[in-house]
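Presented sequentially are two complexes of chain A, the first with chain B as partner and the second with chain C.
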Partner chain A sequence: MAHPSQLGFQDAASPVMEELLHFHDHALMIVFLISTLVLYIIVAMVTTKLTNKNILDSQEIEIIWTILPAIILILIALPSLRILYLMDEVNNPHLTVKAIGHQWYWSYEYTDYEELGFDSYMVPTQDLTPGQFRLLETDNRMVVPVESPVRVLVSAEDVLHSWAVPALGVKMDAVPGRLNQTAFLASRPGVFYGQCSEICGANHSFMPIVVEAVPLKHFEDWSSRMLEDA
Partner chain B sequence: MAEDIQTKLEHYRTAPFDARFPNQNQTRNCWSNYLDFHRCQKALEAKGVDTAPCDWYQRVYKSICPLSWVQKWDDQRGEGTFPGKV
Partner chain C sequence: MSGEDEETAKKGFRLLGILDVHKVPCSREAVLHGAGGAVVAGLLHFLATSRVRRSYDVGFAGFMLTTLGSWFYCRMNNAKTRVQQRIIQDGIKNKILYEGTRLDPANQPKAEAPPGPS
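Take a look at the complex of A and B:
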């Protein structure tokens, strides 16, 4: 989850998020290099006493500072497109979960075998137990098996919402009447937090998402328990 | 043919990738399978044949479609106001 004064991304919990993280590092490095170079040149220009009023053309440097940016842009575009297509690959999911946005909670449906559905409300601040995270915890979590490709179908019952879990590299708009598909693979067990990412009324900031990745056996036990309790 | 469907149903985990709906918007996928199941059921019942082959469509639409949509459509079919052609 996010922590105070965080600067970078949360630790990646899916292969796609790892790729995005590395690409961001790569692109940001290029940005820092260019900015440093430009800042250095500006300072050098401003502080020099050398002047030459007879420079009229500069074919060589013009060629260099046209070709070099083009090369840099290609070096950014190639990994970017690689990840774009990677995210679009056909993955054959092991599980489908539906995440439906309401004002102001999410409901999750696991209907591949039985009809399991439950609501997920934020835990109010006064009901938190020590160690729990304010405005992020929910009463019921979306549990998924670790290392399994999961398909998430996101929709909404009333207004626009958006289902986002940064650690998994997932964000998908929840549109009433539409079923948006996204997918992820939790590469390690853990608890991953997210928040509604489309303004949806008074309690938009108070309908978080919690995904819990557990071993398959635990997932099966959890889903049996949830079905019994329902 | 029936044996293939039986095997597919036994090994069913979740709705597989459907090349007719390769993109983000899976609304038509849900709608299409719901319609296909009820059309299949209606057609096979009319012939007096076992409706087991239709179960595939049911598994898929149950996996994909939100429960509220299925409930609404089932109610509409009951009332005779269902907008799809079954």
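Take a look at the complex of A and C:
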């Protein structure tokens, strides 16, 4: 999860998020070099003693500052398009989960084998136990097996919501009357937090998402337990 | 443990407020190589021409080119290592998953090698 005053991304928990992090580093280095170049040019222009009021054209520099930005844009666009298509690949998911947004909680349905469904409400601040995170914990987590492709079908019952988990590199709008599909693969076990990412009313900030990736055996035990409790 | 993370976070240094050289892989090496390239290029040009302003410009151009070159070289090596790591991970996972079954790669008949010269 995010730590206080964090500026950068959270550590990646899925291959797609790893690729996004690498692309971000690549784009950031290019931005840094361009900023350095602009800063140098500004300093040089401010401190120069050269003055010439009769320059009418300068073909060479115009060619340079047309071709160079085009090359830079291509250098940024190619990895970007690669990741864009990578994120859209169909990956034969092992599990399908429906995440449905309500005002103001999420409900999850695991209907591949049995009819398992539950609601996921935020744990109020006064009910937190030591070690739990304020405004992020929920009473029931969405549990998925680790290293298994998971398909998430996102929708909403009332108004627009958005299902987002930054560590997994996933964000998908929940639109009433529409079924949006996204997929992820949790590459390591852990607990990954997210928050509703589309304004949806008074408690928009208080309907978090918690995804827990566990080994398959633990996932099977959890789903059996949830079915018994239901 | 959290104390160590806080110390590392405080040590993070952002060039121009943008680039955290401690957290971004290859960035520290690229910037250091770029600085070295700038000094070498600028110095050589000044020794050859004794022109100060132009030597600064050449030094800066050296910084840009050396940083870019070091950056892309390091990133490409990292990407190749990452791909190899994923292939190895998938291989280990498939071996564990399919061991003893008909899909076990160890049980697949190997393609016959072409006969060598007699």
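Worth pointing out:
The criterion applied here is as follows: the second predicted complex is superposed on the first by the 229 of 230 C-alpha atoms of A that agree within 3 Å, B and C clash if a C-alpha of one lies under 4 Å from a C-alpha of the other, contacts with A are read in each partner's own complex, and residues count from 1 in each chain.
Keep in mind that, in the parts below, a contact is a pair of C-beta atoms (placed from the backbone, for glycine too) under 8 Å apart; a residue touches a chain by one contact, two chains touch by 3 or more.
Predicted model, so just to flag it, every value in this text is computed and none were measured.
Superposition of the two structures on chain A shows chain C fitting alongside chain B with no clash. One of chain B and chain C touches more residues of chain A, and that partner is B. By the touch criterion defined above, A:171 lies against neither chain B nor chain C after alignment on the C-alpha atoms of chain A.
When the two complexes are overlaid on their common chain A, residue A:218 makes contact with neither chain B nor chain C. In the superposition on chain A, no contact is made by A:204 with either chain B or chain C. Legend: residue contacts after superposition of the two complexes on their common chain; A:40 is shown touching chain C, with no touch to chain B. Of all Cα pairs spanning chain B and chain C in the superposition, the closest are 16 Å apart. Across the superposed pair, chain B and chain C touch chain A at no common residue.
Of all residues in chain A, those touching chain C in their complex are 3, 8, 15, 18, 22, 25-26, 28-29, 31-33, 35-37, 39-40, 44, 48, 147. Within the complex formed with chain A, the chain C residues making contact are 5, 9, 15-16, 18-20, 23-27, 30, 53, 56-57, 60, 63-64, 67-68, 71, 75, 79, 82, 86, 93.
By the touch rule above, chain B contacts chain A in their complex via residues 12-17, 22, 24-27, 29-30, 59, 62-68. On chain A, the positions that touch chain B within their shared complex are 90-96, 98, 100, 109, 111-112, 115, 117, 151, 153, 155, 157, 172, 177-182.
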